[in-house]
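Next up: some structures, all given as structure tokens.
Two complexes are shown next, each including chain A; its partner changes from chain B in the first to chain C in the second.
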Partner chain A sequence: MLELFASQVVNGLAIGQVYALIALGFTLVFGVSNLINFAQGALFMLGAFIAFSGVTVLHLPLPAAAVLSVVVVSLLGMLLERVALRPLENAPYIAPVLSTLAISLIIDQLAEIIWSPEGQAFPVPFEEATYFFGAAYVTSTDLLIFGFGAVTTVALTLFLSRSWLGRTLRATAQDRDAAAQLGVRTGNVKGMAFALAGLLGALSGILVALYFKSVFPQMGLPYGLKGFAAALLGGLTSMPGAVLGGLLLGVVETLASAYVGEGYRDLVAFTLVLVFLVFRPQGLLGNRRLDALGGAGGAAGAMPSTSVLTSASSQRGAVRTLDLPPWGFLAVGAVLALLPAVTQSAYVLQAVAYAMIFALLVASVTLVSGALGMLSIGHAAFYGVGAYAVGLLARNAGWPAEAAIAGAALVTAAVAVASALPLLKLSGHTVALGTLAVGQIGYLVFMTWLEVTRGPMGFINIPAPRLAVLGGLNLSSLVQKFWLIAAVAALALALAQRLLDSGIGRVWRGIREDRLAAHAAGLPVRRYILLGFALSGVLAGTAGGLFAYVQSVVSPESFTVGVSILLLTIAVLGGLGNLTGAALAGFALTLLPELLRPFAEWRMIVYGVALLIMLRLRPHGLLGAR
Partner chain B sequence: MSRSDPGSAGIPPAHAGRARGPRSQDCEAAAGLHVERLSRHFSGVKAVDGVSFHLAPGETVALVGPNGAGKSTVIQLLSGVERPTSGRIMLDGRRIDGLAPERIARLGLGRSFQTSRVFPALTVWDSVLLGTQAGLLRDGHGGGRLANPLAELAGELLGLPGWRGRRTRAATRAAAALQRFGERLWPRRDQPAFSLSYANRRRLEIARVLAAQPRFVLLDEPAAGMNPSETAELTDLLLALRAEQPALGILVVEHKLSLVRRIADRVVVLNQGRVLATGTPAQALDHPEVVEAYLGRARTRPVESDAHLG
Partner chain C sequence: MRSLLSRLLAAAFITVTLSAAARAAEPITIGFFSHLSGNFAEYGASFRNAVELYLDKINADGGIDGRPVKLLVEDDRNSPQEAATVARKIVAAPGVVLAIGSWSTTASLAAAPIFAEAKIAQISPTSSHPDFSRQSAYQFRQNNTDDILAQYNADTIHKKLKAGRIAIPYSQDDWGVFTVKATAAAIEKDGGKVLLTEAVIPGAKDFRPLVSKIKAAKPDGVFLALPYQEASIFIQQLRQAGVDVPAGGGIPLTSPKFIELAGKAADGVVVHSIFFAGDPSKKAFVDAYKTKYNRLPDQFAALAYDAAGVGVAAIRRVIQSGKPLTGQSVRDELANGPAYPGLTGVTKYENGNVKKNPTFLVVRDGGFHLLD
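For the complex of A and B:
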């Protein structure tokens, strides 16, 4: 019993060492550029794949392939800084973060194109040995990971503390302007931090490939998230904290998987993150600086603001915003409702129906991320709650459509409010991490709560919507469903727009612009944040409910963190806080891939590039952030 | 550093003509803002160390002292942004230390910040309206109760007549607060706050504080960044405010002693976190120890370098 426990701990420490390496990459980059690098997971995945190609295609011995991979990925890290971040130095705070997101979308998809989306076996050139200590055991791979992890950590620490390059890096992390005054080329230092992050990413990618003896292009996201979580547990700004956080996360999730069940590994890991965000947002060894991350970093500037839309120079050009009045959404909905008169093509109607659902969903994201300024990378979970709720209410309880959709909206609002509670005091980047954890927990619940969701098998046989007000009319044809969606989406968007134009919307934007001033002005900040999440939940839940009705089958793949990231991306493209922009971008970017169907696999790359260009040319989005 | 000539006009010779002086302690023991042995330590540094004073309704007290004396920390503590290490703060007999800033604000204690905080992307008008929001939520309710969020939602979405009435009253208060600054802010009400000049941002923040109709205001260096004529304008504005609202208590932190001498009934001088002197502006500011704390030496004769004393 004790031996099993010991084996699990050793196992957890090995995987934790990998998390620690990824976390160190986050911490380094965060230190010098106050930025969470979402592309870290992509660098990690590339590290594994380049080593894989080195061994299988170039027939290099593993050590040579590993060195090649580390060098290439380090250079890519520098390139990433140069291309995606340096031009955005004076852009709004949110821009560089989203830029790394765009890069990771592009790299992940390119990897699927280059290496195929399937997982592949990673050839391990040596026999794995297992050493027993009584009943406890440790494998040679575990030892290898330990060895490399420890050596890398020590080398990195020595580099940072002893070498001049390391000193300039630490100086830049402490005070970029002062370091620049003293002659440190801070731009090069940032490049170096990204190169190191690439090095750590590649190394950890290779170790994971050895550990699981396989590589797959989607491995970046889950490991990136774990590394993220580990960095956060450690305190984001602390190097020893990152190592400690990684080891803690590894041990906790391995124990959870051993004693609770394999499905609970990630659930426990992300719950741990949420718990930390609530009780110790500065992490194990971090300092209070985390309170003033991201947007709030601007609070020290000449014009204090906590908004993610402000920039480091706190200068803003006047941004023209275009948006519709509330009735405009009703008018657009009415025009779209005429579409079935023009075409009966099921393909077109289906595509436009999904586009309208996405317009509603992105509006829900922009309400929280834009108006309230709390970046959400977890909205797919709310979308899913709405979809499953309609499934349960319509199929199991036999409710008519209007009751089922309203019920789903309310259930989702309740879930959104509950998940906002731990996020109340967070702002800037930390709130993005919190919502990320919420989104991941939601997805994992959909996957594991088999009695209700049937997990990956999907929730099936959702009946066609039945309208009680029309005497129980069954909307079984696609055209009828199309009209239902057009009506509900237009009405919901019109109400949301009215709200954003009202005093409540003003308070939301005030909280985004300067939360401290909002407190000092006597505004009940908590109440308005919860209200914002509730209403965002209503919109997302409604969208999810409509989605369930069109699909009649619901499965967790529709609600992954990847979808959440996509939603946030679209909201930014439309202009954060701008409901018209969100709806338009959501609508257009759902239809666009249909037009590009022959190039389906390029879809995410197009999104990524569009996002990069937009951040560069119009950081406030297509129709202007509001 | 701001400078104005100490010998120039703008300093009334004495304050004998002022109608309101410090009230008698006996009859107003509970009313007003009472600070008792307030301390705030930052890991060993005693930023505020056992400070006691009071601010009665209708009174204007200036908090002065050299940089690092703890003036702004006192404001942070009074408004609930920082928690005191020890001591008590009573507002009209009610203990407010430990309450959240928004609760303190709703109890009638408004404040401005040293670096003015104005909701940069919002328009001037929206920024001031936010100052009236807490009052709007409380409008028509007894006590400090806020309107139910569902009632607010329905009121805003459906434009219910009762809610529209609240909105109109709030807009009237906001307009009055903006117009107090004459042509400075009112013509710019539809511009974003970030486009305002530094001095106008200060004015905007004060307008927002006043729009909430507080009973006490804490102003943290309201004249910083203003030139002498703008400072005189602000001084007149504060004097007019006092004349209009005889029950308003004002605590002002200010380096410009010309302003302090004209508006303050009493002055509390802080140095290194402790109260060095209190009294009328003339008594407190000319106290030898105060002069020494400001200048680092005793003043022998008026010299050019005293200019910053206002």
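For the complex of A and C:
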């Protein structure tokens, strides 16, 4: 028994050092530019694939291909900084994070187009040896990874602490303006940090490819997430912390897999992240800087402020915002309700129905991410809770539609409030990591709680909505469901808009702009944040419930982190905090891909590019953030 | 007078023949939807290639009784939501009388109510969960259901590989969860023992904890109820840990991609299949497929080819019987038609289900060979 336990710990250390390597890249960039680089996972994946192509297409020996890949990805890292981040130095704090998100969307999808979405065998040039110690074993690849990891960590630490270049890096991280005044070319320094991050990304990508003997275009996101988690556990700013965090994550999830079940591995990993966020937000070896950082810095690292919308150089400029009054949503809903008179095409009605649901959903995201200023990359989980709740209430308990949707909204609100509790102390970029963990946990619960959700098999046979008000009328046809969705979505949006226009909305925006000031002014900040999450949960739960009714089948792949990222992207495009913008962008960007269906592969790339352009030219979104 | 009458008759005759000719040339549309982009898109590509190959052959021979066949291709990205959307699109397109799709049971199930409502038959080449054909009278499949496959799985590991104490890692999806239960039951019924079963989340890659657990349980056989991507990494990590007991697999491992990804670790793995590209009687199809797509067809291609074959045969019978060509008439011909001999065995529908016999294959030198 003990022998098996020891061998599982060794297994955990083996995968843990892989996570540690990825985490180092994040930590480096965060330490230097206070920026959470969401594109790190994409660089990691590219590193593996360029080495793969070097070996299979150019017929280079592996070491040469690896060097080629490291050089190319380092240059790409610099290019990324130059193209996607430097122009945003004086943009709102939120812009650089979203910019790296956009880049990762683009790179991930391009990789699927270039190398096909399939996994490929990675040619391992050497015969792998395994060394046994009782039940435990390590392979020669493990030792190789350990060697590279140790050398890299030591070299990086020495470079940062001893060399002049390293010192300029750290000086820039501490105070960009002061460093610039002392003659440091801060622009170049940041470029170098990203080149280093690219180097680390490529190196870890190649080593992971050797570990699994295969490469996958989709490996960027899951391993990127694990890298984040490891970096967060370690304390985000500490190199040894990143290594320790990686090892801890590896051991904990391996033990979970061994003693709870293979299916629970990721669930336990992300729960660990959430636990750390609550009890030790500075991580294992981090300093309190993380707390102080909050939303401060962005790409620039200047005055601490909690607002995601203000920029480093100035307070927010005056931006004209366009938004509808509450009754406007009802009017638009009424106009849309006439659509079945124009067309009977089920395909068109279904597409518009989804578009209305998404409008509602994006509005829910913008409430938290925009009005409250707490970036959410986890809203798909709330959406899912609503969908499953309606499934359970309508199918298993036989509730009529009005009760089921209201019930789902309340359940989701409760879940949203509960998941907001650990996020209360966080703000700015770190809250994005927290919500990411929440979103991932939600998805994994849908995936593993088979008794309730039936996991990947999907929750099937959700009955058509039955309206008790109209004497138990069954809305079985698509047109009737369409009307239900138009009515509910319009009403929910109108109420939310009314709320945003009221004193409560003003307090939310006040908390976003300056949490400390709001607190000092005697406002119960925590209560208002929880209220914001509750209302966001109501909207997301309603959207999920409607989705379950149209779809009649609900399965976890509708609620992945990818969906959450997409929702946040759409919310930003519409203008953060602007319900009209959110609803319009959600509506339009759900319909647009339908029109462009033949170019489905390019959909995510178009979103990514649109987001990049928007951040550059109109960072406050189409209709203006408010 | 007489001449006027004859002229009128002649004119009427010409009109009738002309309109008949016009009707004869009118194309017949078949809807197709599967998994054409994203992860596992290899399966969908096999489907599409095979269906197009079959319809090319039909159209080159002058179509179905002179009417060309058009294929309406849609991508469902293996997502139930997308499957429902493209199903609506297919049934809304004019003149669709049959639909082929999709790859997974989950996506096929999401589309099923839409085809049932539109009274158009849906043939899924690979949905193996028994629930699929229970949805309505409009659902048909080409492969065996999972309860039949479970017996073949048990035969593979217990009878062919002679393992008595078996470990089964399974994929936590519709197929895996059903398969592991039914396979374990079949093994125990035949006198074998299942030591442990363990769920694997789709997309998992690090199996070392599971491998250590399996190693500690000391089985004498492992059955992989996993998709080829997970299976290929699992088997490599299993062999790496020094566990060299026989391994068997089901339908997903018949994809050539499994051998490509797993490399040498795949050697000796035994699978059951209802199609074998090395079978001389399938040479014409294999050669045509290879010429057109420059790769060997797998079982998935063969199943989709048969789906198209069964469907076209039903449409042809409707046209020849002179009945109006509608989704309903095609569905009735499918359900009540004669047995259709295809590449993967004989299709004779009973409540939308078929029963086909397996061939056992072993992986050797980077390819599948008949197990002797």
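In the analysis below, the second predicted complex is superposed on the first by the 614 of 626 C-alpha atoms of A that agree within 3 Å, B and C clash if a C-alpha of one lies under 4 Å from a C-alpha of the other, contacts with A are read in each partner's own complex, and residues count from 1 in each chain.
As a working rule, a residue touches a chain if its C-beta (ideal position, glycine included) is under 8 Å from a C-beta of that chain, and two chains touch if they have at least 3 such contacts.
All figures in this text were calculated on a predicted structure; none of them were measured in a lab.
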First (chain B), second (chain C), both or neither touched by A:Gly263: second
Touching partner for A:Leu495 - first (chain B), second (chain C), both, neither: first
Which of chain B and chain C A:Arg509 touches, first, second, both or neither: first
Partner chain in contact with A:Thr343 - chain B first, chain C second, else both or neither: neither
Partner chain(s) touched by A:Thr139 [first = chain B, second = chain C, both, neither]: second
Touched chain A residues, chain B compared with chain C: C
Chain B versus chain C as contact partner of A:Lys213, first or second or both or neither: second
First (chain B), second (chain C), both or neither touched by A:Ala517: first
List of chain B residues in touch with chain A within their complex: 79, 81, 100-102, 105-106, 110-111, 113, 115-122, 126-127, 129-131, 133-134, 136-137, 146, 149, 152-153, 156-157, 167, 192, 194-195, 201, 208-209, 212
Partner chain A, residues of chain C touching it in the complex: 37-42, 74-75, 77, 79-81, 84-85, 88-89, 91-92, 106, 109-110, 113-114, 131, 169, 172-174, 177, 198-210, 212-213, 215-216, 229, 232-233, 236, 240-242, 257, 260-263
Touch list for chain A against partner chain C, complex: 4, 7-8, 11-12, 14-15, 112, 116-121, 128, 130, 132, 135-137, 139, 212-214, 216, 218-219, 222, 254-255, 257-258, 261-263, 265-266, 345-347, 350-351, 354, 444, 447-448, 450, 455-458, 460, 551-553, 555, 557-558, 594, 597, 600-601
Touching residues on chain A, where the partner in the complex is chain B: 302-305, 307, 309-310, 314, 316, 318, 495, 498-499, 502-504, 506-507, 509-510, 513-514, 516-525, 527, 531
